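One structure is given here, and the rest of the page talks about it.
By written order: A, B, C and D. Residues from 1 in each chain.
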Amino acid sequence: MTVQRDIKSGVNPPTGSLAERIRSHAGLLATIGLGVLVVLGFGLETVLSKNGLSKYPDVYGAYEVLPLVAGVLAIALARLLAGLLHRPADFYERAAGDLEEGEDA
Amino acid sequence: MPDILAVLNGVSPAWFLIVAGLLAWGAPWSPVRKALMLIGPCFALLAWFATHETGVYGVIDLGPFQLETFRFDSLSRIWVLVFILIAFINGVYALHERNRMTDGAALIYAGAAVGAVLSGDLLTLFFFWELTALASAPLIFAAGAPMAHRAGLRYLAIQVLSGVLLLAGAAVWASQTGSWGCDAIGVDSAAGVMLLLAFGVKAGFPLLHMWLPDAYPKATGVGSVVLSAFTTKLAVYALARGFAGEGALIAIGLVMAVFPIVFALVSNDLRQTLAYALINQLGFMVVGVGLGNELALNGAAANAFVGVIYMALMFMTLGAVLHRTGTVKATELGGLFKSMPVTGVCAIIGALSVAGVPLFSGFVAKTLILSGAHYAHNDLAYAILVYASAGVMELSVLKVVYCAFFGEARHHQVREAPQTMLLGMALAAFLCVYLGVDYRALYELLPFGIDDYEPYKLNNVFGQVQLLLGGAFVFALAVGFKLFPLKSDHTILDADWFYRRLGDGAARWGKAMGELLVHAINTALTAGVARLRARLFNLFNPAGALSREFPSGLMALWTAIMLAAVLLVSYFSPMS
Amino acid sequence: MIEIVAERFNYAVIIILMMVGLYAVIATGNLIKRLVGLSIFQTSVFLLYISIAKVFGGVPPIFDYKELVGYKIDPEVVYSNPLPHVLILTAIVVGVATLAVGLALVVRIREAYGAIEDHAIAEADYAFELEKGF
Amino acid sequence: MTVGQWLPTALAAHAPVLLVAVPLILSTPAAILRTGRAGWAIALSGALLALLCAVELFLATRADGAVISYALGGWPPPFGIEFRVDGLNAALLLLLTGAAVLALIFARPSVENEINADKRSLFYSAFLVSLSGLAGVAITGDAFNLFVFLEISSIPTYALIAMGANRDRRALTSAFNYLVMGAIGATFFVIGVGFLYMATGTLNMADLARLLVDMDGDRVVRMGFAFILVGLGLKAALFPLHLWLPGAYAYAPSFVTVFLATTATKVAFYVIIRFSFDVFAIDSGFVVNALTYVVTPLAIAGMIVASAQALFQTDVRRLLAYSSVAQAGYMMLGLGMGSQAGVSAGVLHLINHALMKGVLFMALGAFAISYGVRRIENCKGLGMMMPMTASAFTLGALSLIGVPFTVGFISKFYLIQAALAQGWIFAVAAILISSVLAVFYCYRILVNLWVTPIPEGRRDLAQPTPYLILVPLVGLALANLVFGVHAAPLVDIAETAAAAAINAGTGS
């Protein structure tokens, strides 16, 4: 057990099998893969359709951009909201008097 | 149909569930209760199959009015079926649990929900409406903690309030129209508004929604599964019954589909995240009901059907996590996929269904509502729904799956969930996939025939996949740059602040001021005035003059006053 | 003027008695006095009924008895109405019975509480209630 | 006179007078015999005979508009005293005698527990007199005779309440209060009758009704109406004239509370209905105005204030007593509407309230016998110890709240409907608020009954509930349920009664 942990500790990253290296960078690889797919999707649409991005005019243009914008927007909003409305976890419990000073949930 | 089934023709499935629930409540032996939890839904399902013709059965004649306890038609039967299914799946899922309170309560709750869907008049609806409230509260209380107790009381109060609104609205409605029938109502009258509010409380309308993220995360692991399934979908059914095509519902539904997303993203309690995601789901259905065309109504029904299953699946996986780790807080979980792979797979299937990935059940249902919005030429609704569905809805379920099963590992020493829980989850997961593939089976249940509708058209699938990929990409980027998920244990204020903090604070302030006032009276008044105070106290305290044993003098005075009142009134009355 | 007053003198007295009786019930804390007030109040009603029965210029409704033809009522003579008198006899009996029960109760109350003032009794009850806790 | 279906014709012909006379006569042997059991047997047989007569009268008046008139002593009305039975008081007589029989079955164990052995026969004797008086009030057609019966029923009631002094001396003061107020109420009534006599020269109620139709503007008549309404309001515990009631219900012996709660105020209600709708013409402006502007606001205030007061009680019976005041508000509200639907709903609630309060007070009596329970916090764990009784109590409480499939729901439903027919949304709101309050005060008891664990040491005190209590208790509890589901018979009775009250007034 201790031996293994020594090997895997971050002192010497390049060691270890390919699978392990993939696993440790799974997040990055997934992000890149997704990015490629998204770009591919838009590319495909642009190539295949006559009027630019909108391949299916009856489905409102390049609405597929929406999630990108919306996702960014939502996460930004969420962070803003968290900053504004953020309270300790036991906020209500303390307010309601379930918890006294110095007591934990 | 076999002859055996003919006996059950016209017997409301609700009774099987309720009777099984009552028996389970009384049965002290766990195996008996577990058997009842499986047998009850089975019989209910048989009754559902046996009643193959639509119509009104089980009319109870109460003299002045008639209670229609079993109205079986194209709209109600799909809801009933999914309620029975989920009651059964929950029965399987809960096999490991030894809790007398929740077993019976879950069955009665399911029965009440089925009964409410099947009720043909507002009085019957009210009865089952309140029964769902009463039967579901134990599922929250059973969690045991004082927090759960308080949340359960808040939940119960709000649910009962909804029932009272319903009864009041029904009474006014009946007095205006002379009918207790539970049919199209509309918001033109005061009664209609009252009924809409009553339904809206249960459907989680904006600002009326706070009971949902408040109570669901505090229920027991098993309890939250059934809680997520019945109450809100029942409300959607009631809305579809009474307010189909009501324009206001589109706006309400859109708000419901959008605003919870932000809360879902920042909530630390994963079950709370799911509760917000549930409101978002409900928003879709409410928009579908509000649009009111056949496609959209079908979409609302289909969404309710698959929504019950995949939301239950999500709650089941988190229930399993809770069972093993004792927590569902994002900050305390992570990397569970290694130790609970089956649960993890089920969660992923659930998440894919929620997100609406093609070949999963969410896709075939959600696309109906989107098409409905398109068909109605409601561009704004369409755009917002797209935003809410593929873009961000996905984020919140991705967050649940990511926080619990991937990311930084925090629990190394847990076992896989119990076999029975896995079986329950597997059943639900199977349905999620099956309905996504064999979507005709789902479409045949819908209230309006849609043989010609084809969800798997190239543009549809392609567009949807693109949406999902975009959402996933944003999520992955955000995770990569450590922008998300937020890693802190916190409470995010929601509308419940108004009553939990502001209302509570006002009550506290009032009490403190009252105490100060009493104190001031106590100290400030001199001996001469103290006599008056003593009198006041004698009058108003529990043993005081107003309730004490010696009121005959006071009473004689009242008599004189009342005599004067009657004399005055009768003296100055005009002659008829 | 005098005539009007004289004509209604009875009713004035009745109203005064009624108010006196009711006031006594309201104002006094002494249970016996309260019963006395009640009696005055009831008596005013007896007077009311008897006053109703009085017909000005009427004679007592006592009829001559003539053999063979029975009672003879003289159409020339104005009689007072006998019925209210009869009624009020019953009411008096009822009033006496009520008073008797009331007095018996006061005796029992005195035995139980050692007091017949309502504030003393209320305080005793209050103390008892406090002892048990709300 | 209609020939009876039940009794031999000879008896049936005299059923009205027998109904009153039998209990009155039997009270003497009950007093003389001096053993509790014998007294009980005599009282029960008296009540049973009265019940038979009541059933006979009830059946005879089922036909539409049927009226039985019985001339007492052979003097024809309007000169002699008349006993007059129609759809309205036939139902009340049935309720009265039925409740008396059930209460008496309950009485034996209860009285043996609470009353000294040497007083029991006198106790039953007083009860019989009281029953006879109440029956007389309900049956008589003569206004002054009604006053006499009112006092005949009241005076023994004061004594019966005072019998509770064995357990709590406050019974004495409660009885005294009731006496003072009852006497004032009865005196007010008799003043009112005096005014009516001044104005019309008759005391027969049917005759009065005939004459009063054309005397709308007469101030003496209006004065009489005011006195009669207030006097009866006192007897019926109309808020705020209810102050005698909580003490009387709380400290009287259990049996007396059961009997009073199911009958005494109900009879006073009947008289209010009789006078407001039958004797005085309901279309007179002053009656309508008094009902609308005085009775209705007070009824609504009573429904809410008394329910709120019930919320803060510690003694279970006081709690239910305040709830009775609130329920009286419901009935008054029905009357206050002045419509046939309103009166019908009021009468229905009158009957239903007797059913539910009968169950509740009987169950409390059973608790008191087995464990001496009187306060709410002492109810802890009784659900486990006495499941049958506690279940019956729970059923009664649910009925009180107005849960569907209980009688409480039916009458509230009719009340709401009647209110809506008038367009009285505020009345509907008041009913709902009062019901919510009822939920809370019932919740306080029910939680103690079922949820809280059995306190240490109580298990050892266990005593089985006597069968003589269980039988009437369960019977009444089931009646709550049965008539809640199958409401038609009671509704029919109430509607006949309302029709009798209103049509008799306008028709004659």
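Some observations on this one:
Going forward, contacts are C-beta pairs under 8 Å (C-beta built on N, C-alpha and C of every residue); 3 or more make two chains touch, one makes a residue touch a chain.
Only a predicted model underlies this, so the values are computations on that prediction, with no experimental measurement involved.
Counting C-beta pairs in contact across B-C and across B-D shows that the higher total falls to B-D.
Distance between chain centres (mean CA atoms), subunit A to subunit C: 92 Å. Work out the mean CA point of subunit B and of subunit C, and you get 67 Å between them.
Averaging C-alpha coordinates per chain places the centre of subunit B 44 Å away from that of subunit D.
Computed from the mean C-alpha positions, the centre of subunit C lies at a distance of 27 Å from the centre of subunit D. The set of subunit D residues touching two or more other chains comprises 170, 173, 176, 180, 184, 314. Counting partner chains per residue, subunit C shows two or more touched chains at residues 22, 25, 34, 121, 125, 134. Residue positions of subunit B with contacts to 2 or more other chains are 542, 549-550, 552, 554, 556, 559.
Under the touch rule stated earlier, the contacting chain pairs are A-B, B-C, B-D, C-D. Residues 170, 173-174, 176-177, 180-181, 184-185, 188, 216-217, 219, 222-223, 225-227, 229-230, 233-234, 240-241, 243-244, 246-247, 283-290, 293-294, 298, 309, 312-314, 318, 404-405, 410, 413-414, 416-417, 420-421, 425, 428, 432, 436, 485-488, 491 of subunit D are the ones touching subunit B in the complex.
Across the complex, subunit B is touched by residues 27-28, 30-31, 34-35, 37-38, 41-42, 45, 55-56, 58-60, 63-68, 70-72, 74-75, 77-79, 81-82, 85-93, 95-96, 98, 105 of subunit A. By the touch criterion given at the top, residues 22, 25, 31, 34-35, 38, 41-42, 45, 48-49, 52, 83-84, 87, 90-91, 94-95, 97-98, 101-102, 105-106, 108-109, 112-113, 121, 125, 132, 134 of subunit C touch subunit D in their complex. Listed in rising order, the residues of subunit B touching subunit A in the complex are 146-147, 150, 261-263, 265-266, 268, 374, 379, 382-383, 386-387, 390-392, 394-395, 459, 462-463, 465-480, 483-484, 486, 488-494, 500-501, 504-505. Considering their complex, residues 538, 542-545, 548-550, 552-554, 556-557, 559-560 of subunit B touch subunit C.
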